[in-house]
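Have a look at the structure below, then the notes.
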Amino acid sequence: MSEVFVNGLVCKNPKDIKPEDFFFPGLDKAGDTSKNPGSNVTLVNVEKIAGLNTLRISLARIDFAPNGGLNPPHTHPRATEILTVMEGTLYVGFVTSAPDFKLFSKVLNKGDVFVFPKGLIHFQFNIGAVPAVAFAGLSSQNPGLVTVAKAVFGSNPPISDDVLAKAFQLDKKTVDWLQAQFSN
Amino acid sequence: MSEVFVNGLVCKNPKDIKPEDFFFPGLDKAGDTSKNPGSNVTLVNVEKIAGLNTLRISLARIDFAPNGGLNPPHTHPRATEILTVMEGTLYVGFVTSAPDFKLFSKVLNKGDVFVFPKGLIHFQFNIGAVPAVAFAGLSSQNPGLVTVAKAVFGSNPPISDDVLAKAFQLDKKTVDWLQAQFSN
Amino acid sequence: MSEVFVNGLVCKNPKDIKPEDFFFPGLDKAGDTSKNPGSNVTLVNVEKIAGLNTLRISLARIDFAPNGGLNPPHTHPRATEILTVMEGTLYVGFVTSAPDFKLFSKVLNKGDVFVFPKGLIHFQFNIGAVPAVAFAGLSSQNPGLVTVAKAVFGSNPPISDDVLAKAFQLDKKTVDWLQAQFSN
Amino acid sequence: MSEVFVNGLVCKNPKDIKPEDFFFPGLDKAGDTSKNPGSNVTLVNVEKIAGLNTLRISLARIDFAPNGGLNPPHTHPRATEILTVMEGTLYVGFVTSAPDFKLFSKVLNKGDVFVFPKGLIHFQFNIGAVPAVAFAGLSSQNPGLVTVAKAVFGSNPPISDDVLAKAFQLDKKTVDWLQAQFSN
Amino acid sequence: MSEVFVNGLVCKNPKDIKPEDFFFPGLDKAGDTSKNPGSNVTLVNVEKIAGLNTLRISLARIDFAPNGGLNPPHTHPRATEILTVMEGTLYVGFVTSAPDFKLFSKVLNKGDVFVFPKGLIHFQFNIGAVPAVAFAGLSSQNPGLVTVAKAVFGSNPPISDDVLAKAFQLDKKTVDWLQAQFSN
Amino acid sequence: MSEVFVNGLVCKNPKDIKPEDFFFPGLDKAGDTSKNPGSNVTLVNVEKIAGLNTLRISLARIDFAPNGGLNPPHTHPRATEILTVMEGTLYVGFVTSAPDFKLFSKVLNKGDVFVFPKGLIHFQFNIGAVPAVAFAGLSSQNPGLVTVAKAVFGSNPPISDDVLAKAFQLDKKTVDWLQAQFSN
């Protein structure tokens, strides 16, 4: 018999399903935060746990380097995020949509919880001198990640620098320099 | 002006919203696990964070007493749960629906992740000698909690003991004893 | 050409669809209620009528033996149920979620309608001296069925009796006896 | 305190909810089928059972006069219908959408089940010499009803007869006569 | 590797997706309005743009012959429509569901916008002496189209003329004549 | 009686609804494109047409100044957009999510249609010497708009320049200059 797909993912024969299809190990391991901008996201989504298919949730661990480890401004096109700090001190925030573009920000310590609504630009920044760790639930089996600086200045192929110069009110030389920074 | 409600909850005027509407503190504090059956759930849902309204997610911390702290068999009528172990060793599982009633169980250690699909009966049990802690994302702003033993034997008013004796193949005396245990 | 699936079910070529794909016969036949606990559910879901795929509804006939035929406490993880009594007298109810665990119950006679909200534990019990019959609509093409006593005490493999003894405040001997009753 | 609304309906304080909020009596009573076209629908939706709010289902009893009682061509804008015949013999059908406009029809006897997919035009017609009765589940708390002949020829105010004459390829005199029939 | 389907449609390997999968040309071309009833709909749905799959929207251009070009009474079972007039003058309307059957109609000129709610019967009629053009967004990747006169009088096979005569209060001769008009 | 709200919006008494509640005029008027970056969006959403409430769609007209009028990189947190060009020549594109960040771009002429999936960063740029005009359907009654450059560099209050300097690999002086440009 040919394979059955749901949501474009292989759907196992119920007789062959095992506890392992609902399991993923290793979220106690810190991600590598040595590379710029100093954060690392370990996302447990439907690619990691096949049994999450159709169940609208995933889980993430986020590690931050001390003194400025940054999860840079980004959106999740398909998920709200609810995050709690395990270790360290994070300055976090999100920006509302037009016309207000209000920043809702907060310094979070261990045990604090914060919500980043679906589709809005948000960030987390380690303002402490020690590594920080956060865990987050996300309201999709496949939240998606749009890192703003990379999507805008590092897409493949690049967006025309005419567009970016005008959008960011930068001269083309600066845009080209930014594009060189964010390419691959 | 009168208040505006969405989902039956007061919806603030956007001008009056503050970062605190997306914030909740204290998830680093262990819950009291001294009472039977030895677990404690701190749920951060829309009652705790008003900004979660319409956003389909919540977060929970679950503490377990050492040597048998139990989050007893229960369901969430409106949510799938994805859980990770922070400290300790948990024996966890869920049971599928009719006709198979398969138990998918697993012993989880620190860093392990497990999924409990929406509406299915599941449990977590501390089989270690030290307190255990888990964090979980749930796919609803208001997941609901149906603790099986309490709902069946401790409802208010009680379900007829004729029904329960027949359903559980117990004599009425045992049912009445169970109802006395779970009422309060 | 290979088969096309929607929701993991074979999706027919529109040219080959027939009225029979929206049809199921025999719901006038009483189910066999001779076995304990004395009820029988005939569910017309997407497995019986392929044309229900994606349409979020199914229909059930429930027969009850006289003098105590019971549809024991159960949940539908994916459906609300709206039931009407055709013949007989049923004592029915559902229990709300934590922290109230309120029982909403009612004695239903012919022509009475009652609603069992999605995911909540409910039951129907024939308190009359004649067979009872009910029909119900369910808000899913595949509502799922979690019979509480069977899922808890009769799963395959069984849940650890340590868990069940603690959850139900029973000694292990009683648990083991219950597990023997519900296994098969 | 002011009232709370969900979906535009008053949402009771949970403390004041009673079993009666999930209950409706009298579906064993035949509707009056003496008026043209000889059918009567008793719909148990959220207006009849407040507890159905947000639960996506309703239930209907349909009575048909003998020898031609008709539930005329209509759609439910928000619901699929699954119907079973209790008494009598019905000729039923629905028509698919463009470009095929296929009629899927069937003669249904007692115990037969048929599905009418959401938004499609369908009808039920008593071709037997005795009264017929059917019960149906509908996949919305408020399915809506668009009776085609009445909506087209009997709206208030009327649709321009230029439009109707052209759409139905009828002369205006016939249209005006039809509008007179279906007005009020 | 075998093909992957989502919603019954082939889902491309992400590596093979091209800008053309989100593109469709030619919506500046007027459709042929020479045939009765004098309108032509060019619908850009998921059959035309594969990349629309799962995205819940489509776009249409509607052309109307001068002096009475008509988009006859119809419904979209899965979509609300929001339309704006580019050229010309349209008399448009929709009829609400039972029991009111209210007609909400309006004469629209260039730049006017009107909404036709999901599943309700609506029409657009060119009351000007020049060709009219409208563009519309529809809230489904596959809105479906039920043209009322064609579905009722021109289905394949035809609905019994007993049903139609009674439903429309016409004699059978008129029904048969209408069925001849709308067949094929 | 107090007002009824659905989705936080006043819900009119059905008896008081008029055709005007589904109507909005003036979409034939070009928006003012004289201000940088040379585009103007007229959005017909639920704030403009109350009857759109719950109906999941809106419509927009977008005007572009000649020679470089730009609708700068932005997202709609709650909507996919399907756009067609009425006049002029647009270079348009969207960037996929991590890890590929692929740019799907296309030069669109009159009559071309393009899709911008929900939540992804996209832009439209007038590369012609004449004004350009586009119309777009959006799959939400309230799509939301996150203009990337404004949200990142012009939020109120501003995001810490430490965060932005690191995220965009710019020195703080450039960030401060950008923040001055986008604040107001």
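Labels A, B, C, D, E and F are assigned to the chains in the order they are written; within every chain, residues are numbered from 1.
Keep in mind that, in the parts below, contacts are C-beta pairs under 8 Å (C-beta built on N, C-alpha and C of every residue); 3 or more make two chains touch, one makes a residue touch a chain.
Owing to the predicted nature of the structure, the values given are computational and were not obtained by experimental measurement.
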Farthest chain relative to chain C (centres taken as mean CA coordinates): F
Interface residue identity across copies chain E, chain F - same or different by half: same
Between chain C and chain A, distance of the C-alpha-averaged centres to the nearest whole Å: 41
Between chain A and chain D, centroid-to-centroid distance (C-alpha), Å: 48
For chain B paired with chain C, centre-to-centre distance based on mean C-alpha positions, whole Å: 23
Of all residues in chain E, the ones touching two or more other chains: 2, 5, 93, 100, 102, 105, 117-118
Of chain B, residues touching chain A in the complex: 14, 17-20, 22-29, 44, 49, 51-52, 55-59, 61, 79-82, 84, 86, 93-94, 100, 102, 104-106, 110-118, 135-139
Contact footprint of chain D on chain E as seen in their complex: 36-38, 68, 70, 72-73, 75-78, 91, 93, 95, 97-98, 100-103, 105, 117-121, 123, 125, 144-160, 162-164, 166-170, 174, 178, 181-182
